[in-house]
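Reviewing the structure listed below.
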Amino acid sequence: MERYIHKVRYYESDAMGITHHSNYIRFMEEARIDALDRAGYGFEKMEADGVSSPVVSLSVNYRRPTKFQDKISIELKALDLDSVKVRFAYKMYVGETLVCTAESTHAFYKNGRPLPLSQLYPELCEKLAAEQ
Amino acid sequence: MERYIHKVRYYESDAMGITHHSNYIRFMEEARIDALDRAGYGFEKMEADGVSSPVVSLSVNYRRPTKFQDKISIELKALDLDSVKVRFAYKMYVGETLVCTAESTHAFYKNGRPLPLSQLYPELCEKLAAEQ
Amino acid sequence: MERYIHKVRYYESDAMGITHHSNYIRFMEEARIDALDRAGYGFEKMEADGVSSPVVSLSVNYRRPTKFQDKISIELKALDLDSVKVRFAYKMYVGETLVCTAESTHAFYKNGRPLPLSQLYPELCEKLAAEQ
Amino acid sequence: MERYIHKVRYYESDAMGITHHSNYIRFMEEARIDALDRAGYGFEKMEADGVSSPVVSLSVNYRRPTKFQDKISIELKALDLDSVKVRFAYKMYVGETLVCTAESTHAFYKNGRPLPLSQLYPELCEKLAAEQ
């Protein structure tokens, strides 16, 4: 899948001069939204379809600090597309260095009922699977 | 009016080790919401009344830097209550030191029509006037 | 241990009208800093001692959405105080409802060397252990 | 001057479904840093030169709300380059619509002494002047 780039902003760095750890959760969201968007399944479409998608859980491993102006390139994989809990796995790099790995789990609700993504949007799942 | 206290969070400081200047706009909102809330005119009430209140403009003068753990105490004054544009004036202190002064202007809409706050909520305006 | 309270700010809610999930990582930091502070081992002391403490990893389970004005009360436990990786476990409540559970892992470095917290600050560890 | 583009993130929208007003101050910083960076006078250079540059004041006029996914294009002008207080003026557009205008004032300190930018970095000022 095409990597998403986040360039670290000045206001994302903290008093230690490094990217505050809470911001990586936002970079994960940016990469996820970007991938769904490029596949044609952006927020507007899901909203129009009556689909909501809460974050169920996440985990993050911080391997190397990053700092202002770093270009964090994020590799995203979608997993468990047949389950009611889709997982996204993230590898974040600055240059060749792996700086952070993470996972997030998401449910997809339509009319208040959780559905596997493969049932809700089979075409999206084919696209996601083909890319990785 | 009773002063509102914001204790600066670690994640609100930046790479220079001071409170990032964008956060003061958030402190202003906190102080404003707190004052309206204590007067009995919180977001829930306004929402229930069909009242929305966009920020029209703001200005901020940064006098002294603040940092992590500082207790910023905010003095708030409501002005121009008879106008369709209410002004709030802010003086922010750490101890006795004036660290920041600011103003923000707000419109109050009911059913899509801008109204003077004194017409919309006369009792609130009396409370605000009495306190300052 | 005394619970830490975070009242959700307007600017912490997102377009779905709920607290954006990235903010819980900031609430965890607030609770952690508050506990160390109350025990007399705040950032200033650690900095003066040449101690730095990066976040190594974290995991979060979102159980119920929260929203603007909710008072999130956070129960904190410190674990593995004899290891070079201290774990903090968090239970977050709104009223009696468990809304979020989380864990974070931290290293403590002195002069570039990782040390168990029980070796670095034995008194702090006794206080943390006594409270929970 | 080349316009800077900020695409509004999901986490930058608030419970009203619009971009939270505090974020525009961050977009202003992004545009300013980007312009200085492209001119070859980024943070690293200034830091290496012992130059610090605090924000002195700012003002913002919110004309139209923006929302998630909007591409805000920011036109920047540097003014008063011969003064110890440099002003930056911002015009923000979504498509052809002017959504926000703003100004910020900055001091430039070298070795604790405020200097006009034209004295500190004459070449930068020529570049800034030539572009607008």
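A, B, C and D are the chain letters, set down in written order, and residue numbers restart from 1 in every chain.
Note that in this section contacts are C-beta pairs under 8 Å (C-beta built on N, C-alpha and C of every residue); 3 or more make two chains touch, one makes a residue touch a chain.
Everything numeric in this text was worked out from a predicted model, so none of it was measured.
**Student:** Weigh A-C against A-B on C-beta contact pairs and write down the one with more.
**Tutor:** A-C
**Student:** Determine, using the mean of C-alpha atoms as each chain's centre, which chain is farthest from chain C.
**Tutor:** Farthest chain from chain C, going by C-alpha centroids: D.
**Student:** Express in whole angstrom the distance between the two chain centres, defined as the mean CA positions of chain A and chain C.
**Tutor:** 24
**Student:** Could you state the distance in Å from the CA-based centre of chain A to that of chain B?
**Tutor:** Those two chain centres are 35 Å apart.
**Student:** By the touch rule stated above, which residues of chain A touch at least two different other chains?
**Tutor:** 10-11, 22, 26, 29, 68
**Student:** Spell out the part of chain C that touches chain D in their complex, as residue ranges.
**Tutor:** Residues of chain C touching chain D: 10-11, 13-15, 17, 20, 22, 67-68.
**Student:** Under the stated contact criterion, what part of chain B meets chain C in this complex?
**Tutor:** It comes out as residues 9-11, 26, 29-30, 33, 42-44, 68-69.
**Student:** Would you pull the chain D residues touching chain B in the complex into a rising list?
**Tutor:** Listed in rising order, the residues are 16, 21-23, 25-26, 29, 52, 54-62, 65.
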